[in-house]
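For reference, the structure discussed in these notes is given below.
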Amino acid sequence: MLNSQSLDVVLWVISGWLLIGLLGILTLHRFTFIARVLFPLGGIGGLVLAVAAFRSLINGGTQNRLLPIGLPQLHFHLSLDALSAFFLLVLGVAVFGISIFSAGYFRNSTGTAPGLLCLEFHFFLASMALVLVAADAYVFMLAWESMALSSYFLVTANHRLPKIRAAGFLYLLIAHIGAIALLLSFGVLQANTGNYTFSNMRMQSLSPFWASVAFLLAVFGFSAKAGILPLHIWLPEAHPAAPSPVSALMSGVMLKMAIYGMLRVCFDLLRVHIWWWGVLLLVLGLATALFGVVFAAVQSDMKRLLAYSSIENVGLIFAALGLALLFSSYGMNLIAALALTACLFHVAAHAIFKSLLFLTTGSVLHATGERNLGRLGGLIRFMPWVAWLALIGILASSGLPPFSGFISEWLLLQSFLFTPGLPQPFLNMLIPVATASIALTAALAGYTMVKFCGVVFLGQPREEKLNQAHDANLFEKIGMAWLAIITITLGLAPNFIIRLIDPVTRVLVNQGLAAQSKSNGWWLLTPTSMARASYGPLYFLLGVVGAIALAFILVRVLYHARLRRSAAWGGGHPWANSRMQDTAEGYGQPIRQVFEPFFAMKRHLPKPEDIEPRYEVIVEDKFWNGVYMPVVRVTEFVSSIVGRLQRGRISIYLLYSFITLIFLLILVPSARK
Amino acid sequence: MSPLFLVLATPLLGSLVLGIMGHRPNGRNVNVFFSFATFLAAVFLTTRIVADGPIFALNQQFFIDSLNIFLVTLTAFIGFTTSVFSRPYMRIEEDRGKMSHSRMRLYFSMYQLFNFCMLLALTTNNMGILWVAMEAATLTTVLLVSVYRTPASLEAAWKYFILCGVGIAQALLGTILLYMAAQKVIAPGVNPLLWSNLNAVKTLLNPGVMALAFVFLLVGYGTKVGLAPLHNWLPDAHAEGPTPISAVLSGLLLNVALYAVIRCKILADGALHNHFAGHLMIGFGLLSVLVGAFSLLRQRDIKRMFSYSSIEHMGIITFAFGMGGPIANFAGLLHMTVHALSKSAVFYAVGHAAQKAGTQIMENIRGLIKVSPTVGWGLMMGTLAILGMPPFGIFASEFMILTSAMHQLPWAAPVLLLGLAVAFGAIFSRVQPMVFGETNVKRLAHPPALLPVFLHLGLALMLGLYIPGYLNHWFVQAAAIIGG
Amino acid sequence: MTFSQLLSEFFTIVASLLLAPLLLGWVTQLRAWLQNRSGPGIFQPYRILHKLFNKDSVMADTASSLFRFTPYLIFGCMLLASAIVPTLSTDFPLAQAADAIALVGLFALARIFISLAAMDVGTAFGTLGARREMFVGFLAEPALLMVLFTSSLIAHSTSLKTIVTTQIDRPFAIYPSLVFAGFAFILIFLAENARIPVDNPSTHLELTMIHEALILEYSGRHLALLEWASSLKLFAYSSIGIALFLPWGISTQGSIMSLLYALPIFILKLLVFGVVLALIETFSAKMRIFRVPEFLTIAFLLAVIGMLTYILLGAKAS
Amino acid sequence: MTDLSIQLINLFASFLLLLAFAMLAQRRVVNLVQIYAMQGLTVVAATSVVAYVTHQNQLYYSAAMTLVLKVFLIPWILRRLIKRLDIRWDVETLINIPSMMLIGIVLVIFSFNLALPIASLSTSISPGTLGIALACVLLSFMMMITRSKALPQVIGFLSMENALVFAATSATSGMPMVVELGIALDVLVGVFILGVFMFQIREQFESLDISHLENLKEE
């Protein structure tokens, strides 16, 4: 009884968000009301959502509802099972932080009216939640497309700039094409029964061919949303273009909707698994991860950098997903559960720390009006809150113990080390390469994050105006602090999260890790057995802290604490100034050198005779010229041919009808049979 | 029978009155009045149908069943909203000296006559009268398209006239063959041209004649539907006439022509016992989708662009009916309805946008939501509705069409995917900068009538989320009638 | 968690704290001898540390709290690192706290903080050093992970304890994969501990220096802690090498006697290790900074090949 | 008696076909109008014969209507147009005459084959003529395609109408009266509209050459 309510709660929250949006549009220009009342309300809604989802995760079981709207033959089917609940939990937790932050973030001066922003923002939230509880193809697609649409309007909030408009267009186009692919995939899954409910799709048993068709269409559709190679092209354009809280939502939460879709289709709707599906996802994911992190390392715009790092993380999640698929296709369900746990854990971890990082960029943007790393620096002195909170996010996202990013990485590598059990020898060949690329990705992520943090917050300010930078306001602080706390919790109490993930994996591959990790005590993370591997983040933390304390005390006791301040040593150089620090470009230089073939680079080197010499390097994505431009050219060519149909000569038009008529008349005899 | 009589008589009377009274300042109001009266009559009729089912009238010369009742109502409704829209629109045109008094008179009286012809074509049971009504509709719209008397409009009207005239002639030949086939099997004394009678005996009709007849009918009425490659008149005619006319042409006349095609298909299917008719329609449909979509990429004139999108949508609908089956037919009918609503809404918005900017060339229309947000959002929302974005109704119908295509004709699904994707890219990449961005144009002399725009969009939105019971009932029944 | 476990843990920590500077001194001394110099003696590191601790520490005006906090953290990380690697016994509580992956993560944590600290002051040298350090790191770190994985594949476990015990218990056998891994490890060792040919700990030449550029702004006790930390790092790496490649002699049960018995063997191994290191450093020349990527890529590939060979042969066997 | 009438109808039919070819071959507009009138006359004759044989009075009405409309009224209007617009010049065809003839013959054969299987179903007294009617339709269609001036196109259009009426007569011995009326009305209105149009086209383009009507097209 108590349990059956949590889906209702979710629905109430969804309708509440829609209501808030409408309120926003009614009070179009009353800024303070919208910012200080409506947005926090939405945040509370997120919290409620999280609680409801948490409860249904604990209580387990599936709840269904049927709303009397939608198509006459197909009313809205909604259901809440462990998978949806987990993602709802992530959504709710993230939204709480982000909404509170937005309450302090949005200024009255932005191009779009605040009420409109409020509407779009909350419709975005509602559609995401609806995606997660959809139980038939129509509702799912409806919510999916509304999600794309509302986020599009948020991205183009500042539509005065042509660049942002272009980004928005590219985003919506790719999202729409992906959506059509998904639609077709559902068309295959319903197996011509004309019944689009997921429950019906589960019952269908498709032939391997049709199953693969559905799978491939789904992969296409969801990769378009998740930004998997080669459909990533919109992501680094669209995410930075949006206002920072929206970027946080898109990078942190919306990408996970694609993951949810993949899990739903691959593990829930498609009951059969074919091994090469897993390999495909694995390869796609790893390629994306490596690509994303390498590009992130050379960016000089802080939000673009984060966007590329999102591509990397989603790639890792995809890889874990593929590994799980691979294992389950061979019936090794326990290890599949391990891989899935890694996947879901990273979903949660990334959702939180990436939102946190995007929010910090928001505060920086407000304080300095700068996004370009080359013009920032030294902000830790003016905005310590933001800096230290950002540091937490950075440590998490570069996968360092004892933070959340490390756990998922650890689980992922553990599940990789199990692969020698696979029956196919040449799959085993894949493993070292895969593991190596994951390790490389992780290391490069560290590189990138040091660049991000070091250039933005450390060093000396590269511009005069940075000295007037102010710290985040209260709402912003609360929002970011919340996310930071969650990040730390994820890192220190992984077993707690794993116990939440357990029901999900039980639903998907009817295996779970909770029992195992319970048996070895809550403080130790032991996926399979003590002898195999164990990691105790609390021990770890205690060890480090203890050692630090020991050192500190010993130094104080045995020696002294005298400290003198003086100017930094410029290496004997009299005119040392902030311009001599390494720029973002300079920091990315080694990566550019090592991964030269990845990039399409345009360099401008200063010449001796230049009056004001400048060094400039523009790194571009090879996929744009390699994949997208050709498609565009072909389309234009075809359209030019089609255009020839309309040449204005009436005789020619008559000729068309004449020929059509004759052609059809020739067909007539065939009809008699 | 009285409501049906009212539905037909009101616009006819209206055209006479408006023709006689000549141009007075309140001519536009009279126009609105008559359209509204027609709409009321249609609503009255609808209630009657909802109450006591299909009816015949005037010894079976007229009939109303599930397949045409919603089209009648839709036609009357959009006829009314368009008259409301053309009040300020034509007034501004007049102020700008594009319309003389005599032409205003012509415009209003022909507008009513045109509505009459469409309603006649929809309600008649007689295939011959259907043909006559279609021809008459062509003639009236020719006059409406050429009402500006500019070279471009004359050229468009001329092409429209010649191409559709020839097409319609083919339809006449088809009708004659139909008659010929019917005479064989129908008992003497029973009128062999009445669709209901034909439908009763359709299985007995000679396949050879019916195949031939259907080809001529398809080419004939297909020309008016604007199926590629018979579509060439359409973009010209829709782009050069006054915008209200573009709205009704795209929103209503195409539907009426398609309605005629469907009636013929039902008979042909009955006689042929194979999918000949369906396959022809599928072929035409896919071709139209592709041609429409790829032509969209080359447009500079906004009204031209949206008329190509009409071609594309007609292609989708034809494809759906060609595919047949309860789901696809249902989707097709829904698509007809929602497309009519959304496309006319788009044309209203486009009309005002073009008037603001003083041009139809898209490069010169910018920043609509800055100068007048309602027009801007109207255009944006309408475009999204047309592009099949949820929660608008077109998404629902496309959802059903695509998913059922994926299993009945898997090879056709990629074609549709391509068409839809290209159309989306083409239209949206042009509309976005028109709605967003900076501008320096000034407000209009007369406040634009935006009620119709949002009324239509609201209905389209509703149909995406909730379809009323009786409408659903009609659709299901009509889908059953169409069969396939 | 028995008393003997705690004892052995404590014993290990103390041993590493004391032995680490000695190892450094030993290597320096050996190098001096090999270069026909009379070296400073192997206790020199202690003297240096003592001196530095006594000095006032001077800090740049622009330095933030992060800068002050970092040396303690680095020291802590390195101490923990040498505490979780089984040097004398495999039976100690912290063994469960962190496995091979966590160990690598620990090093990464230290690296990232030292680089951030170096960037904090905002001088040209600091950022330059940070960049180079991270640059060396992003190739060395995965390579180290690969090396560890090669042996964890053999032991079917990533926990160092299990790896070592399986190595000891198993009858002696030469694993080709371990040979590759060993070579890779040596290269990584040199790179990570700022030894010739990658870096030269005894110069301050801005064209080439990496480690020294990082800690250029530090002085006094902070510098002392960093120096001690780096010697601890050297020690930790050496003990990793020992644990992975010649673990024999490490006691598998934590009794005091076995510890006392294991200590001399371990020290012996360390001495040998120092000799090898000194020889390498003497006979090889410092390479240009631009050559470092190639050097590390080779290490990385060697490690990957190590894993591959294991799976190849394993696949053939099974 | 009936066989004679059948022969008569067949005769008229072939005469109609001949006229269609003549129209295809004719360059002078005035003569085109003449031929059109003769076509109308032929249709009238055929219709009245059918009416006489089948004793359907309504066919007499339609014959009379055709006579008034297509033999006198419309040709008169066309002649006035020609005079007023002063267009007595020769019409250059887009394809040269001989090849048009060849294509025409092919079309005739084609439509005969098309009509053959269903001719037996014809309820009229002379089934064979359906093929001819079909051929006439296609031929006038082709004429519309190949003429580059407005007026000849219209004439082609009208002759197609004629062929259709003939088809109605020959295939089904006449459509119901109401339909006939509607068709006639439409044709008449159509001609008027065309007439008005040509003046407007004329004043806008200083010519009736359709090649001027090619401005609306895709770049």
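When the chains are written out, they are named A, B, C and D in that same order, and each has its own residue count from 1.
Keep this in mind: a contact is a pair of C-beta atoms (placed from the backbone, for glycine too) under 8 Å apart; a residue touches a chain by one contact, two chains touch by 3 or more.
Here the structure is a predicted model, which means the values were calculated and not measured.
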| item | value |
| --- | --- |
| Neighbouring chains shared between chain C and chain D, ordered by label | A |
| Most remote chain, CA-based centroid, reference being chain A | D |
| Separation of mean Cα positions, chain D and chain A [Å, integer] | 70 |
| Whole-Å separation of chain centres (CA-atom averages), chain A against chain C | 36 |
| Chain B and chain C, separation of their C-alpha mean positions in angstrom | 79 |
| Rounded Å distance, chain A centre to chain B centre (Cα mean) | 44 |
| Chain B, residues touching no fewer than two other chains | 158-159, 162, 166, 208, 212, 235, 295, 298 |
| For chain D, residues that touch 2 or more chains besides their own | 114, 117, 141, 144, 153, 210, 213-216, 218-219 |
| Inter-chain touch pairs (all) | A-B, A-C, A-D, B-D |
| Sites on chain B touched by chain A in the complex | 158-159, 162-163, 166-167, 170, 207-208, 211-212, 215-216, 218-219, 223, 228-230, 232-233, 235, 272, 274, 276, 280, 290-291, 294-298, 326-327, 330, 384, 387, 389-391, 395-396, 399-400, 402-408, 413, 417, 420-422, 424-425, 428-429, 432-433, 436-438, 464-467, 469, 472, 475-476 |
| Chain B contact footprint on chain D (complex, rising order) | 114, 117-118, 121-123, 134, 137, 141, 144, 150, 153, 157, 160-161, 164, 167-168, 171-172, 175-176, 178-179, 182-183, 185-186, 189-190, 193-194, 197, 200-201, 204-205, 210, 213-216, 218-219 |
| Residue ranges of chain B in contact with chain D within the complex | 126, 128-129, 131-132, 135-136, 139, 142-143, 146, 149-152, 154-159, 161-162, 165-166, 169, 172-173, 176-177, 179-181, 183-184, 191, 193, 206, 208-209, 212, 235-236, 239-240, 295, 298, 300 |
| Complex interface listing, chain A residues touching chain C | 377-378, 380-381, 391, 395, 398-401, 406, 409-410, 413-414, 417, 420, 425, 428-429, 431-433, 435-436, 439-440, 442-444, 446-447, 449-451, 453-455, 458-460, 524, 530-536, 539-540, 543-548, 550-552, 555, 558-560, 562-571, 573, 576, 578, 580-582, 586-587, 589-590, 593-594 |
| Residues of chain A defined as touching chain D within the complex | 643-651, 654-655, 658, 661-662, 665, 668, 672 |
